[in-house]
Amino acid sequence: MNPRGFASDNNAGIHPALLDAIIQANVGHVIAYGDDPYTAKAKEILSQHFGQDTEAFFVVNGTAANVLGLATITDSYHGIICAETSHIEQDECGAPEKFTSCKLVTIPTPDGKIKPSFLTSCFHDIGFEHHVQPRVISISQATEMGTVYGISEIKELANFAHNHNLLLHMDGARIANAAVSLNCSFREMTTDAGVDVLSFGGTKNGLQYGEAVIFLKPGLGNDFKYIRKQGMQLVSKMRYIAAQYIPYFEKEIWKTNAMHANRMAQMLRDNVAALPGVTITQPVEANGVFAVVPKRVIKPLQDKYFFYMWNEEKSEVRWMTSFDTSEEDIKGFTEMLERLLRNQQ
Amino acid sequence: MNPRGFASDNNAGIHPALLDAIIQANVGHVIAYGDDPYTAKAKEILSQHFGQDTEAFFVVNGTAANVLGLATITDSYHGIICAETSHIEQDECGAPEKFTSCKLVTIPTPDGKIKPSFLTSCFHDIGFEHHVQPRVISISQATEMGTVYGISEIKELANFAHNHNLLLHMDGARIANAAVSLNCSFREMTTDAGVDVLSFGGTKNGLQYGEAVIFLKPGLGNDFKYIRKQGMQLVSKMRYIAAQYIPYFEKEIWKTNAMHANRMAQMLRDNVAALPGVTITQPVEANGVFAVVPKRVIKPLQDKYFFYMWNEEKSEVRWMTSFDTSEEDIKGFTEMLERLLRNQQ
Amino acid sequence: MNPRGFASDNNAGIHPALLDAIIQANVGHVIAYGDDPYTAKAKEILSQHFGQDTEAFFVVNGTAANVLGLATITDSYHGIICAETSHIEQDECGAPEKFTSCKLVTIPTPDGKIKPSFLTSCFHDIGFEHHVQPRVISISQATEMGTVYGISEIKELANFAHNHNLLLHMDGARIANAAVSLNCSFREMTTDAGVDVLSFGGTKNGLQYGEAVIFLKPGLGNDFKYIRKQGMQLVSKMRYIAAQYIPYFEKEIWKTNAMHANRMAQMLRDNVAALPGVTITQPVEANGVFAVVPKRVIKPLQDKYFFYMWNEEKSEVRWMTSFDTSEEDIKGFTEMLERLLRNQQ
Amino acid sequence: MNPRGFASDNNAGIHPALLDAIIQANVGHVIAYGDDPYTAKAKEILSQHFGQDTEAFFVVNGTAANVLGLATITDSYHGIICAETSHIEQDECGAPEKFTSCKLVTIPTPDGKIKPSFLTSCFHDIGFEHHVQPRVISISQATEMGTVYGISEIKELANFAHNHNLLLHMDGARIANAAVSLNCSFREMTTDAGVDVLSFGGTKNGLQYGEAVIFLKPGLGNDFKYIRKQGMQLVSKMRYIAAQYIPYFEKEIWKTNAMHANRMAQMLRDNVAALPGVTITQPVEANGVFAVVPKRVIKPLQDKYFFYMWNEEKSEVRWMTSFDTSEEDIKGFTEMLERLLRNQQ
């Protein structure tokens, strides 16, 4: 088996420079639970990048970043509008419902992206107590389908949300991949585009673990410290999460890693799109490639380069690239796929 | 300020051998969310230590280990019996109530240890639907007061629990300190003593982060994987938690670290007990020393060696030692305390 | 305004014989919270009708009957499969999510009725902790669309459920209307058809308030008394709920009322179906009539006979009949509708 | 067995004038869920009595009134301060924890009444995320011990609460008994004394069922309609709750009933206090009498006049009087008790 597969960007390990930050932080005692100089510095860096009126808090993983961020801005009778394909709807084993008590109001989309025009059906019975009241639109940037919202699309959604007394939440588990895809700063795509609350992801882009919930409007995160603690996400040795954020930003590792992963996805798409029997099913705008391939090639390919079936019925698969995917991986994978495809059975 | 204080054992960092395990595990891709060889090996080691019929799951922190373990064995209308001083009652910002919906039924104790004779008041109205129904006794080993249950005391509580249709849960945030204090194996104090569910802690004894919930009876943990995921505690790069457990057990780092921390606590107690104006308030059986000292010495002492006030009214403080506390730390601290005490104002 | 409209069967009052039962029960003291002779007798009657192995509990309203019944048979990480049009999905302001923490997994249907063939998409990722695990199929009998499952359709769903390790829940808010529609006993349609848990409704058929949660398999309801109390649904003066159930069954008021309401719905459909510009959109199998009518007639009609818009975009309305709808009501309504339709504007 | 016992004021039935209001309201259709003229009138009456800036909502029972009222003014990480003997702590099977997720912070009291001086221990660690943050003081008026707060005591608690950024909640399950005890209006004891949220009880004073949650400050109840619906407490045929409130206030039935019940309690106390072997343990300020009596008399007395043991160990019993307790009941009870006491065994 190849040392690296295409299953998920979180199958990759820690980027060496971030691991080094962990090692360097392993000196003496610091006050636990985030009252340490690493956390102070990391939060300062985040406010430089997202705006001085923003406030960032570290949690362990993306599930918690999304759930606790949403819990902070909702009451139990609210509805959270999201795409049918969104991670909060599909992949959290009901964590949002458990912790927020909200109903997830799902929207079908062709490519994982919500457009304002899709939302009309959510706005019946406002003020009518028999129905959950919509409060948040949650979008993923990049989406779970490997697509990326343009800045103007985000602004349009933010305007729509604010005009309807809603907030805009962004699940940024792959926010670095989106930023390099759009060639913009984090801030242009979030604070400046009108996003209210952001789950800032890093684990899928080379961090060990540790995501940030960033409140982009003053006051929104006032209660978050209690919600995080009650949400079981306040880690004692927070310095090891925070320490990674310092080189992640200062050395622009987020950018290097995400550019590489995205480039690998483009290369993979370019290589396989030409092969007979392969159909690319989504635009490749970040680090994921979705394709329909003949069923017979899947198992042998997975044995060498592990990846997941996306849609059994359609024989659609998902290939994710990561910061450590090599050109050799792509080449070897493509050659093996080509061989399997030509190998008539 | 001294590089190490006495605030908490989780103000210390990562033990070098455990950090090395993290570094060694940083190779290639492994399947995320625990389906990796490090996790498999760590779980195997835990079942060797706790019994082949036990099952272990990794979570991030002690809050989650306790809350999710308790959630697995309770229904929402149950009562969880615990000491008034217990961590689940005092220090979790209501996380147990939020996630389990149970009422915590608190028992006053002189030293953090529950005895069966304290429990009579909990057993009125069994079967009466107006009252929460007691379901679990949760004890801390070592306790938050630095005391340790003897094996026979645990057995007695387990018998009491099982005779009353309850389960026995152990918060083992400092289980290694207790084991070396009793000079016994983990198993003698848990599985063999009748404990049903254990929060196995390591973070306070040199791990980066990562605790284990261990179900000590077959079948008890069947649903835990869903509860962990819905509880936002399934980390993607689980290998870095699991990898630490391998040397932690194979090199007996748990024992070396805990023996050292306990010895430092004994030394600290021996040194300060003799000083005029210092009263030791709890038996020193693990790595915590509780003492009443004159108010005037506290602030200057904290400035050099940070620690927490335990009881403002009584002028009682808590000093915790850790795996990296040095004899020089103890010596310097004692000398400074003595100087401050003698320094009449 | 006419004294009776077509808005909902719960806009009607109490059937006189049931009110009389309340009056007759108003004598002396009885033990509160259900330990009274009226409740004992009512439960005995229900077990005669549903089977000696069944167990019934009274709650106040249909919201609670559904939510607490479902809570009893689910864990928080389960999925509850229901029709998109179901009351638990549409009309409970998120009460099921709040109290059960489960995700509602919705199925589109043409007529409010789930068929086994619609369920394939719900059964991916069984045993995979990232997804909620389906545990219950919840159907409404009669449905919110005025249609009724045949006994064989219920049996088919029950078999499907039990073969997939699921339970079958029935929201019987209008169960009497369904029973007379099928000309069968309650038992044939529930216990004997394989239903596991039933919300037995009466409020929409002439009771003041008071529904029953009936567990149709031994043991299923063992914990319900605690869940009901914690769910805020244990009323002290339960005798006034229970007392109504005695004549409701002994004098077959359930049947008389439901037959009348259903007959009125048939008459209404027959009368209006022939009118120009009216399209009946659902089979009229219980006491609801769904129709598309020209927008211009709706407001004046509502002013005299209040009813609700069902689908604004389609100009589809819902007309419900009840136990006290009179033939004059139908006649007057039809004439007014006809007049409005002919009145070209 | 005597037709009336001393078990609880909710073992009594419906006062005839209130039953009559139910009967009179049973005419034609009205819009369900509270949009009916009875509810409008009852709410108007309540705002006359409590103040034009107050807002009242009907729910079914006292459990719900307390839990939903508290849920409206808390976040999940808050602490609710209450007496150890309070109904929300003792008798709700964990409903407050389940629905609010808050911790109940209990205060020991000699007589069920909280004094500001008891509260010091609750105010450590404000702003410290490891602890629940106190947000509400909840008092019962009258208390579960049959005592009554004086108006100045309530004002003192309200001031204390507001000075500490808390709200004051009153469980008024027996508010009428307290009002007649103090010979004051409801308003003097609530709105004017600084109470923020009130559970207004009537079921224990002659109503069938139906309590009101009254928000006494503008804006506090803005979201309550959603919380009530999601809390499963919005009844469809609300007219039958509301209709009772009209004569309850307009004919001052609340006052007549409560004065009678209180007078009966005074008579009972006067009669039994003189008997040998009876010790009255609480001031009789409302409609409950607490007494220690010899164990041997309890069972035979209960067989004729049912009542509850309050404290098994102390042989302390609770006798409640109600609106329909007769002087003959008191006389017969006293005579029987006297006979049993004199009957040496």
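Some points to look at:
Letters A, B, C and D mark the chains in the order given here, with residues in each chain numbered from 1 onward.
Going forward, contacts are C-beta pairs under 8 Å (C-beta built on N, C-alpha and C of every residue); 3 or more make two chains touch, one makes a residue touch a chain.
Quick caveat: nothing in here was measured; it's all calculated off a predicted structure.
For chain B, the chain with the farthest CA centroid is C.
Of the two interfaces, A-C and A-D, the higher number of touching C-beta pairs belongs to A-C. Once the centre of each chain is set as its mean CA position, chain A and chain D turn out to be 51 Å apart. Rounded to whole angstrom units, the spacing between the C-alpha centres of chain A and chain B is 34. Remark: chain A and chain C have CA centroids separated by 42 Å (rounded to whole angstrom).
The residues of chain D that reach two or more other chains are 76-77, 92-94, 98, 101, 129-130, 226, 229-230, 234, listed in rising order. Of all the residues in chain A, the ones that touch chain D in their complex are 33, 75-77, 101, 129-130, 133, 223, 225-230, 234. Chain contact summary for the complex, chain A toward chain C: residues 76-79, 90-94, 97-98, 101-104, 124, 129-132, 312. Interface of chain A with chain B (complex): residues 3-5, 7-8, 10-14, 16, 19, 22-23, 25-32, 60-64, 67-68, 92-95, 98-99, 203-204, 208-209, 226, 229-237, 239-240, 306, 322, 324.
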